[in-house]
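Naming follows writing order (A, B, C and D), and every chain is counted from residue 1.
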Amino acid sequence: MTFTLPPGLALQKVDERIMTLNVGPQHPGSGHMRIIVQIDGDYIVACDPDPGYVHRGEEKMAEYRNYITNIPHLERPVIHDSCNVLYPYVLGAEELLGIEVPERAKYVRVIASELNRCIYIMYWLAIYGIFLGHSTMFMWPAGDRELLIDLMEKMTGARVTHAHFVPGGVRNDLPPNFEDVCLRQVNYFEKRIKEYAAVFYDNPILISRTRDTGVLSRQDAIRYGTTGSVLRASGVDYDLRVKEPYDVYDELDVHTNVMKEGDSYARSRIPWLDMIESCNIIRQALQKMPKSGSVRVKLKPNPKTKGLESVYKRVESGRGSLGCYIVSDGKVEPYRVKLSVPSFRNLIALPNLLKGEKLGNMPSVYWSLNYWPVEADR
Amino acid sequence: MSVIAPQFKLSEFIKSLLDNIFWIILILVLIGIPAVFMILFAMEMPVIDGELLTPFLALTWLADPSRILPVVKAFMSTDIFRVMAFPGFGFAALLAAATIFVERKMLAKLQLRVGPFYCGKFEGILQLMGDGLKLISKEIIIPAKADKPIFWAAPVLFVATAAAFVAFIPVAPGWVVADVEMGLLGVFAVIGFFPIITILSAWSANSKFPFIGGIRALFQMVSFEIPLILSLLGAVMLTGSLNLSEIAASQSSFPWIVFLPIGAIVFFITMLAELERIPFDLPEAESEIVAGWLTELSGMMYGLVQLGTYLKLYAFAGLFVVIFLGGWNGPMVVPPFPAELLTEGIHMGPIVAGPFPGLPLFDQEMLNGTLWFVLKTVAVIFFILLPRGVFPRIRVDMLLNLGWTKLIGLAFVNIFIALGLLYAGVLGPGGLQ
Amino acid sequence: MGTATGIIRALNSGIKHIATKRFTLRYPEEKLKFVGDGYQFDPSTGVGIAGLKGRHMLFHDHCTGCQLCSIACEGVAEAIAMVKVPEEQKQNKKSIMPQIDYGKCVFCGLCVDACPFYALYMTNDYELSSFSKEGLIYTPAQLQVKPYVAQDSEIQISDRGATHG
Amino acid sequence: MSTETENPPAAAKPEVKTPPKPAPKKPEAPPVELPAFEKSISDKIIEKFGDKIEVGFVKEDRVRINVGRENVHEVAEFIRDGLNYDHVESVSGVDYPQDNEIEVVYHIGSYSESSLARQILVLATRAQRETNPIPGNDATKLPTLRDVFYSVEFHEREVFEMFGVYFEGHPDNRRLLLPEDWADLPPLRKDFAIKGR
């Protein structure tokens, strides 16, 4: 007794070994996104990232606001790296509006940007720690971050959403006695992060856990267009602070950290080395900064650009090169603002890295991409 | 401005209090007093003034306070007391609660934060009670497609099995719930139940993450049970007995860890794995599989599993102490019982209290043994808790690799050391002991 | 043996930190001290003065009702509305002053930058919770009050670690 | 069709920047003084393709090439193989309703060639715009560059959902950021207005 279904109704043959897991958006190990993972036993056979849960239409909103009022909402994608995410927009707007920034303002921007980079990386590191089940590495960075947040608060008046950079400089001058406090806290901060080595970075269990997982070769890192720590962990010496210095980075001595391995461990170690480098840059900038002078150029209310122009500026943020493409058509509002965010660019590597990995490696590979879902969605 | 509770009325509040008191008294009368009488009927009553006390006369201690101590002492010699209170469940639960408190505060200190601080006046000492109340008051949510009887039973079974494990641990000479001849085999048998309960709970939840977590727990526990058993065999060979009390008693001069350090290390690592503690907490790996096999458990079901986990932690630490650290053996530090309390009572100026005919409740040996046992157990628990602060989670393949190759090999080395000591005559008959 | 020494180093580092000072700020009892009296803006030079961007403070004798703060807020949060005030000021012909809805405000301070008459400042007060949404709307009369702040905790760094003291 | 796309009236910037632009670079008094290295890049492309392309501008570190949609794949291959650019940083769509066109701008950079490290080559092409778009099923189509530059994969998916520009040959033309049940206009087009603005 054979009974055949019509072709359209025939049951699709499903490989029963494969199980589909929805990692996210309510999963503790995903952030604000979903990764659809198919596993065969403990091995991931396919992975499909699904961002978009926190898409806020920043680019659309920017077309309706003028160059100054764009500032508070354009820093929202990465509020813990808010100075850096605003930086390319401000640089681009300055070029479009034709503003020359005072020297002291440039140094203040560099200090704020480097402090913010450390704040971002500490947050990232805290989550990387808890993704690996290392609760101490969650608490220590989250606590020591307070040292720098305190500095940013003194500097800008807000703890995370600073809205500090404007076309033409920065909003306010440094408070009195800031240099000493900054130097003291940054020095202590550097001492603290060097203590992480014994517990985290030199921990043999961590090393055996993350070595040779999610290996991204040099060719693939370039081909996928990854950026930031992911790129530098794969052996590409590329840091915009050195390669295309903006503001006063060409006057500072910036060292680029490069590792050859391209695995999760290297990708997680590079940001930590970057933080130590940032401390150096802050010390240099504090030393070379002009002790007085203006920090902001007075703008006309509602500044306008001249005709149809476009500009593409990029900076090295905590996650990598962050670009901003502004098209203006001579009105008060920009015609189009496009943020080319590093998280989005690094996301392309995720499906390729996870394929063939074990499920236990998923959090470490995923978060070692230095990925921030809110920024990718914009 | 009563914005928080705009409907608040004092009379309603007092009414609710009285209501609660009424129900408490009712339940006490209907359940509490019968339970007390059942215990009184079951236990062997003491002889007072030459006549045997009957359960019906037991409550006469309300009129005659000198009868309290004999009744209490008689109760303490029953099995019910042993199971429920002292070497059994109550004692273990108390130590488990202390463990949770110490774990929280110690981990907080290590991570440069404060930890529980406001609940209870001193350093958040009542935090656990608050957590328990919260868990009891939470709604229990059962997944729609769960296999409900097994899903309900699994947490209860888990606690019961953990309590059964606790029953094997001798705390002081003679003070053990189940003093069986094949005690260690019984321990192995009970440990073997945990993966079954885990996989039952995980399977019955009918959800993906608990399933993966359950499978991982099964892998982990099964693969680590073999080195666990092997690592304990060395001590069994040297002692020549499987009875845990005898193993503890045999270490009166030196603990076995002196001769069997490799076995102790292997047992410690497998213990961490069996307890699902960091770095081996794969079945509950939060960032990978939410909460593993505990994902669908809610409310007090989760609380029961946590209770079972900490009971298990105490039991494993106790097993380590009994087998490698000499159990209750230690220098006598407890002062002898003052005999004049029995004959004369306490003289404080004009006031005379006593004499107390029922005393002493516990003898000196037992108090000293318990003290040393608790001290050693706390030390072992500290070392079980410490890795949580400094190690990340490991991966399944690393775990299985560690269990099946390295630890089993080391356990065999340990057995050979024990055999060597035995045949060389250093230990065993004619040796040091 | 590298593994064993690494594990011992990690354990050692963990135990050492048990004796390090706690870094936690116990918020309701301790409050962080800020620089200055809040974010202010000097319209003559066009540069702000560093300070915390907290609740605003409005100087009624400076406000002219020019609505520039409201216009600045339009693209950001739309939190500022101009309302009639009963009092009559010489410089404020229309008798309108800003009323700020802190349910919408993002504390960016662009309204302070926009004010050309030193009338709108920000203060160190950041505890603005309320039981109702209406309670978050601050009228010009409420904005006039200088908030009382008791903030004295600062980060202190010693050999045994940093604390909030 | 090609004449339309190759002479976009809006983006046809003169090759020489207007002098009053207060650029942070050196004061360019004669209008023909262009950055030499960037000029050489644009010259190479002009030499290869001649009339098919049009140089949008040559600024310091930035070279802009406007291409018609039928040549964009070919030009991109030359950029990768002949000029050693190796990745795309950003793919942006810009809507020009008055020209009835949607411009797609590729910002192409290079990691492997150290002399190109600070260069961005801006490759712009234009697709026909439909007033009533049916994303994927109307004339708003462009050839994909995914087989040339792998890194455009997610960027092109984003442009597809945000502007309705279908990339022919893209292996995975699904929604990325927008919800699955989005049935409105592609949101970054100019005729999609934010409520209340």
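Definition applied: a contact is a pair of C-beta atoms (placed from the backbone, for glycine too) under 8 Å apart; a residue touches a chain by one contact, two chains touch by 3 or more.
By chain, UniProt protein names: C = NADH-quinone oxidoreductase subunit I.
Note that this is a predicted model, so its numbers are computed, not measured.
Visitor: Higher C-beta contact count, A-C or A-B?
Guide: Between A-C and A-B, the larger count of C-beta pairs in contact belongs to A-C.
Visitor: On a CA-centroid basis, which chain has its centre farthest from subunit C's?
Guide: Of all the other chains, the one whose centre lies farthest from subunit C is B.
Visitor: Distance-wise, how many Å sit between the C-alpha centres of subunit A and subunit C, to the nearest whole number?
Guide: Whole-Å distance between the two chain centres: 26.
Visitor: Between subunit A and subunit B, what is the separation of their C-alpha centroids in Å?
Guide: So the centroids are 47 Å from each other.
Visitor: Please tell me the distance, in whole Å, between the geometric centres of subunit B and subunit C computed from their C-alpha atoms.
Guide: Here subunit B and subunit C have centroids separated by 51 Å.
Visitor: Averaged over CA atoms, how far is the centre of subunit A from the centre of subunit D? Could you give it in whole Å?
Guide: 25
Visitor: Of all residues in subunit B, which are in touch with two or more distinct other chains?
Guide: 110-113, 389-391
Visitor: At least two partner chains per residue is the criterion; list those residues in subunit A.
Guide: Residues 64, 136, 143, 199, 203, 205.
Visitor: For subunit C, write out the residues touching at least two other chains, lowest number first.
Guide: 7, 10, 13-14, 23-24
Visitor: What is the shape of the graph in which nodes denote protein chains and edges denote touching chain pairs (line, ring, star, complete, other)?
Guide: Graph shape, chains as nodes and touching pairs as edges: none of the named types, so other.
Visitor: Quick one: which chain pairs are touching?
Guide: Applying the touch criterion to every chain pair yields A-B, A-C, A-D, B-C.
Visitor: Where on subunit B does subunit A make contact in their complex?
Guide: So the residues of subunit B in touch with subunit A come to 107, 110-113, 208-209, 212, 278-279, 281-282, 285-290, 388-398.
Visitor: In their shared complex, at which residues does subunit C touch subunit A?
Guide: Residues 2-3, 6-7, 9-10, 12-14, 23-25, 32, 34-36, 38-39, 41, 45-53, 72, 74-77, 106-110, 113, 122, 155, 157, 162.
Visitor: What part of subunit D is in contact with subunit A in the complex they form?
Guide: Touching subunit A from subunit D are residues 10-11, 13, 20-24, 61-62, 64, 86-90, 92, 94-95, 105, 107, 111-112, 117-118, 120, 122, 149-151, 153-155, 158, 175-179, 187-188, 192, 194, 197.
Visitor: Write out the stretch or stretches of subunit A touching subunit B in their complex.
Guide: Contacts found on subunit A: 19, 21, 27-29, 42, 129-137, 139-140, 143, 199-200, 203, 205-206, 208-209, 358-363.
Visitor: Name, in rising order, each residue of subunit B that touches subunit C in their complex.
Guide: These residues of subunit B touch subunit C: 3-4, 106, 109-114, 117, 386-387, 389-391.
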